[in-house]
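For reference, the structure discussed in these notes is given below.
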Amino acid sequence: MMTQVASPMDVLLAYPGPWLCWILPIIGALITPLIGRVSRRAMNLSAVLFALSAVLSASTMIPWLLNGRWPGDVRLMRWVVFPDRPPLEVGLLIDPLSIIVANVVALISFLIVVYSVGYMHGDPCLPRYWFFFLFFIGNMLLLVLSDNFIMLLVGWEGVGLCSWGLIGYYYRDEKEYWVGGPPPTPMYSPSHCGMKAFIVTGFGDVLLLAAIFIVYHYAGTFNFMELIASSSSWLRYLSATPGLLSLTALLMLGGPIGKSAQFPLHEWLPEAMAGPTPVSALIHAATMVKAGVYLVARVSPIFYIGYWGLGLSEASTFFIAIAVIGCFTAFLAASQAMVSLELKKALAYSTISQIGYMMLALGVSGLNEGVYTAGLAAGIFHLISHALFKASLFLCAGCVLHAVESIYMSDMGGLRRVMPITHALMLIAALSLSGIPPLSGFWSKDAVLHSCLIAGTPLSTALFIVAAITAAMTFFYSIRFISLTFYGEPSENIEEKLEEGHLHEAPAIMWTPIAILDILVILIGLIAILGLISPAWSPEHFLEERLSHSIGPIEVMTHGGEAPAIMVPSISGAMLLIGGVAGYLLYLGRKVDARRLVESSPLLRGIYTFLWNRWYINSLYYLIFVDGILSLKDALYRWLESAVLDRGLNYGVPRLFKGLYHELKRVQTGVLSVNILYLIIAYLVIFISLLYLFAGGV
Amino acid sequence: MSQLYPLTQILIIPLAATPVVYLYARKMGRSAGYVAAIPLAYTLLLLLTLLPEAAKGVKHLESYTWAPSIGLTFGLLADGLSIWMMITINLLALLMSIYSVRYIDHRVKELFGGESPSTAYASYYALYLLYEVGMMGTVMSTNLIQFYLFYELMLVPSWLLINNYGYGDRERVGLLYFLWTHVGAVILLVGILSTYWITGSFEFSALSLIAAKPQAPFIVAAFLIGFLTKMAVFGLHLWLPDTYTQAPTSITALLSPAMSGIAPYAIVRFIVVPMYPVYQRFQPILVAWALITLIYGGLMSLAQDDVKRYLAYSSMSQMGYILLGVASMSTLGTSGAIFHYVSHGFGKCILFAVAGALLYRIGTLSISRMGGLADRMPVTATLTLLGIFTIAGVPPTSGFMSKWMIFAGVFDGPLSTSLMGISAATVILLMTVITIAYGLWIVKRIFFGPLAEGLEMVEDPPASMEAPLIILAVIAILVGLYPRIVSDCLFSALSALHV
Amino acid sequence: MINIPIPLLVLLLGGGVLPLIGLMAERLHVKWLREGWTILIQALALYSVYPLYREVRAAEGRILLKYLPGGAPPLGGCFEIDVLGVYMAGCISLLALLVAIYSTRYMEHEGRLTEFYTLFTLMNAGMVGVAMAGDFFTLFVFWEMMCISSYVLVSFMKHRPGPIEAGFKYFMMSATGSAFLLLSMSLLYGMTGTLNFAYASASLKAVEPTPWLLLLFTTLLIGFGIKSAIVPFHTWLPDAHPEAPGPISAMLSGIVIETGLYALTRVIYLTFPVSIFKPTFAALSVVTMTLANILALLQSDLKRMLAYSSISQIGYMLVGISTGTAYGLMGALLHIFNHSLMKGLAFLCAGSIVHQLGSREISEMRGLGRRMPFTSLSLSIALLGLGGVPTTNGFVSKFILFSSAIGAGMPILAVIGVLNSALSMAYYLRVIITLAARGEASAEEAPAIMVGISLLMALLIVIFGVWPQPVIRYADIASKCLLQGVGRYLSAVMGP
Amino acid sequence: MHPFTSFIVAVFLLLLIGLLCLTTRRNMIRLLIGVEILFNAANLNFIALSIQRAGFIDPLGQMIVLMAIVLDGCVVAVGLVMTLNAYRHYGTLDVRKLRRLRW
């Protein structure tokens, strides 16, 4: 491990890649809008180049990953020096986890930047777009690479900020950018959605903050490696207070739950679709929402050591909670995706659901001592593969929305002929999402299910069942959105657009990035097939082997419970069959009219309404947190601040003195005899009271 | 450096410049603002030369005999705790004097019509400098009497500025402001007097002698009431909304960030450091009070339609944060509180100045009549955002650094000893989400959405109003990137607190 | 050789000659002769205070004894001058000089000026005499001299009903007070057989309180209390002070009522144990300041408001006196000096405003700040000083007063005091706000002499606010005379 | 009964009469007389006390009374002048009509 003997310059020169890959995009964020004052083309070029620079610098880390000798904790300089604790340093943690995630982020960001050049063509506010976009890339890489909680928080808040800026990108709130609906379902303006995202994730952030500060209080450091290295001492100290470790674990999960849109803080993500589609693809599907997954993976060694190494039973709260939450969220979001009418929203629900899978994998990893690396690897594997196919899905959706100028799937249909390339690309990605072999989604989802199964506890088995059902639902809604978009009869909107001749395939600059993503999806799938030949060649195994090093001093058992190798594929195959048949009947083949089916049964109608209204969670939140607070503030302002406090003190006290004045001024009668009377009375009163005081009475 | 008596200069030079500026303004009118900025710029430079020493924990003290028969000296002190207070005050005063040039010109013309008397400018800048001297003197004081003297001295010019240049029923509001804070101050005075009878000295260094005495809780309570009134915590805040709203904006931009924050500084200086054990008994009350202030201020600011009134309540809420840091009783939290004073100073100054700019360009502060201004006033909108991020603690602004220090302090202090305490601290933390909410909501209402009617011709304010704010925003970000410039000073002064 | 202290001698002689001078001035049409003479007299009186101080310092035990012809104590009258007396004489002469200079312009259009200046000088002589008297009888004589002059001065503008009514009420109340004073003298005489302070002190100070002693105390309290306007004996003051001519208001509020308080303090401290007067004065101070502050709040008449403010300031001084400590007494003495400057200045400025504007209504003074900037500035400084804002001398003395209350174990009194002080800010600010407001008031700046005096006093207020050390020093010595110096005071008269 | 007691009773009565006169009478002249009575009560007290010590008449008391009577005369003279002026302005001797100044 590096220590701070070297000067900052030496450190920078020794490890240029990791530092430049997040610094350059931030510099780019500042420069690119300025270039925009000179030339639009130069600005676009600059944006692409800065994104490319991130990819290139990130890729310099790949050799370390491959040869298994990475630099670890690289510290640049002291940032804040505390009086009696180790200083907070500016440093990067370069280990397999961060290298993998950073490369995924950088690559996908670059592809989407290229796509954006086409998608955002002609937008007058492009400088702002590039600023936030590049700033996002820089912050996201900082988040992933930082070696301590505070720098991670900087990146964490930074990406939140960019998310806010980009969701609310269309700040003029023209009607066409609103999401939700159609009426009577409420619609939300982009600026509203941005705020919602920032505030809801803010809840998670402060919970995370609390956890960080609890840990800091006991451990005295923010640095991940130091926390893991010294965990045996501070964890024991912390767990001396009963319940505190559980609390810390739950609070620690707060941030990931908010950022990765897990239940109960998942409600911001569907609305985040108000931003431009490349933004949804990058921030709200591929990268930022994975920050939570990354963080869980980052801190899970601490709890793993606590649970399995030190035998602190409370540490298991961390794993149980995240597994349950992840699994439930996967189911919850998938159910909503089955009825969503907006294309991007369906994809958003799907994102929530898939992140639930990742959380599930990370959760079950701690339930059994031997599953840790398997679960971790499964989670990260799904993270990578999901990032690729979901980005691809969103970008395709962007092409579609760009063409049809409506967010509703009811305004689409039959686009397969008009947009064949988009159709093909989206189909591949959707199949990967559904877990159709041999695409990457199949392997990663199987890895998740597999780790559930081999964890072998009753809880993990139950979670496995739910996850498997969710897999069926995933295939169902995938078929649904693909069919509604590309198959079937063209809707009225499409007919009109066709007549006007507006409808056309997306330009090459837009589909090329998608194609690259799809190729990667297929490539990973093909590599994984090699794993069938020798397990050592499979990407999962590679991840497992690399990630097992990040845990530090504790020796990890790499093989825990076993399950028959064929069991997971067969169960998920069965599930695919169920989902596929239902999807084919209702949407692809149109054998059954979905609408009529729902109308026919009160039960189905009830379920449909329940799902359509997002399990009423959103309405409930609005009722409590928005309407509640808004009416509370009005009531407080009217009844407490104005009526009681202001009126009571600022007006009441002067009035009191005015009243006193008017009463007391009567003392001053102006009548001489009265004045003399006062004198006599005072004389007597003083004399008599003095007598009582000093002479013991009269 | 010490041969030059920098602190004496810092106090004397703006004071000596007052008549000069007055006379200049009588002749030249509004451009006196630039002249007033010269002494302030010089004193700021002097302060910056003291900064490296303060960061190492060196105290810079200049002291003179004052009234020997009651053991009074006139001391001027700059140490790690106060140096950033001074820099903030001086910086804001400097920038606001430049901002005032156009703003107060506008205001004076509004008040007096075409033939605006040059005395109006002259007395504005003269009082302005006196106000700055008062604030600086408060922070530099080494004894309670001197502190009280300057504490009241900053009240009079600020009151006159509100009374003469404010908006609305400025006379009533000025009176409210004066009386509320004056009542607080005289209660503080009782505490000071009691201190004297116990220790026989007014020096800060003697305060620690009280700690063991039975009267200590009463004295601490008297101090706290005095300071909390100035800080405008819940219940004692009623002077705040009207004052901040009706004061001329350039003055509000000093009142809120610079002046009311002197109170937490004084709490640290008077109570936390010397009387830690006594203070400990007040901690639960203060934490609760801070929390109530924080939430109440946030809720109230949500309810406002007037930009300045909104900002006023948000100041109240931010004072809740600072109080929380002070109440945390840990080195981190206390340093964070003073640090947040600095950040809040930058951010809130920007925001109030923006409100002034809106008033300057639009002529109204009613939020309901604004909307979609981001198109027309892009620079202003960006500055507002930066201001709000600085206050709400979004990186990379300095507000992020100060806020996490406050929270880390809350979890580092006595609250961390029990599960209940930690849960309470978590709840406190959870409540802070409201600051993001009210911050973003106002941006949304003023700058986003469709352009409101009648605002088609609006544009960004002139450069002399914008440039100071841009400088502030840049400084806020630079401090956020390199917080050691502040934190080293604070930690060097407060390290002894650590439990 | 006439055995009278020099300042008193100067004033008495000067006042006595003044009618002749006035006659000369009228006959010979010499302008400024009377005025010049008066100023000269006052200046000489002030100047001669210093040699007197040197003399006192040089005297044995720092007490200067001057016997009046007709016998030595305990029977004969005498002046017994200690630093306290000199201090008071200094305060009186300083304010008198300033007011005298001010009057030359203020009164120049009035008739009967010879009368005015004569009475003015004699009133000062009376006060100086009271300050220096060594026995009760001497005190009474000079007391009546002061009172009678002030009655006439209050109703000097006899062509208007207001001054006459105020003067009559003042006269009746004050005469009743004098009668009570005489009564108390007779009681003292009956109990001790002497009127000399030293002898009375020797025989009464250590006595257990008897009903007779309490009766004496109460009667004394009324006798002096009426003059010093302690609530509830204050009722004449809000009438008399506003109706008097400007300079006289300044004198009355600035120093005359304080002289009453001084005499009260002198007698009570010398002859009564602390335990008796401490609670009484504490109670009276609370009533006095609270009632006066509330009554001053909404006064529409500037001078009347200032008059009420004087009552409340007497309340603050009582706080210091009630402590019975040298520190508290020092505060009270300091406040006497500071108040003489502040209230003197306030009334002089009010006088200038009345002189120029012709109205005493506060509401008619809107916008005066622009028309009469220097007067308004001086008035504002005086009012801020009265409110106790730091850097004015009012802050210093109030600070010491309230501090002494805490030191004497009466924190509640201090709290009430500071709250009252804060409350008083409300009506002081009201005036400043009115002056600063934009309005239609049309008046011109007062003549240069009046403005000059105002500015000079304002400057003094600020100087003694920032650097109070010189005054504190003398007040400190003076206060110690009354407590630590009692032994010397007694032995100077009675022999060791 | 102590011989001195009768004097004290007389003084007390005079005091009472004077004060009653001041509080209940309206005529200004009577008020002046009331004050006079108060003064005389004090004077009588002095005289009485100056002879209280058996066999010795204290000259101090006597002297003071003489002086007090002189001062008294001055006071009353001023009082009469004021009454006269008040009568000129208000046209009455009723002191309750002098109520221009109050509050």
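We just call them A, B, C and D in the order they show up, numbering each chain from 1.
Note that contacts are C-beta pairs under 8 Å (C-beta built on N, C-alpha and C of every residue); 3 or more make two chains touch, one makes a residue touch a chain.
These numbers come from a predicted model, not from an experiment.
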item	value
Least step count from chain B to chain D, where 1 means the two chains touch	2
Chain closest to the middle, measuring from C-alpha centroids that were averaged per chain	B
Chain-chain pair with the highest tally of contacting C-beta pairs	A-B
Centre-of-Cα separation between chain D and chain A, whole angstrom	97
Where chain A and chain C are represented by their mean Cα positions, the distance between them in whole Å	78
Inter-centroid spacing, chain B versus chain A (mean Cα positions, whole Å)	36
Rounded Å distance, chain C centre to chain D centre (Cα mean)	26
Two or more partner chains touched - positions in chain C	168-169, 172, 176, 238-239, 426
Residues within chain A bordering two or more other chains	665, 668, 670, 672, 676
Touching two or more other chains - residue numbers and ranges from chain D	22, 31, 95, 98, 100-102
Chain pairs that touch, as defined at the top of this document	A-B, A-C, A-D, B-C, C-D
Touching residues on chain C, where the partner in the complex is chain D	74-75, 137, 140-141, 144, 147-148, 151-152, 155, 158, 160-162, 164-169, 171-172, 175-176, 178-180, 182-183, 185-187, 189-190, 193-195, 238-239, 243
For the chain C and chain B complex, residues of the former touching the latter	370, 384, 389-391, 395, 399, 402-403, 406-407, 411, 414-415, 418-419, 421-422, 425-426, 429-430, 433, 436-438, 467-469, 472-473, 476
Chain C partner contacts - residues on chain A that touch it in the complex	657-658, 660-662, 664-665, 667-668, 670, 672, 674-676, 678-679, 681-683, 686-687, 690-691, 693-695, 698
Chain B contact footprint on chain A (complex, rising order)	78-84, 150, 153-154, 157-158, 160-161, 164, 168, 171-174, 189, 191-192, 194-195, 198-199, 202-203, 206-207, 209-210, 212-214, 216-217, 241-244, 247, 251, 629-630, 632-634, 636-637, 641, 645-646, 649-650
Residue numbers on chain B that touch chain C, as the complex places them	66-70, 111-112, 117, 119, 145, 148-153, 155-156, 159-160, 163-164, 171, 174-175, 178-179, 182-183, 185-187, 189-190, 193-194, 196-197, 218
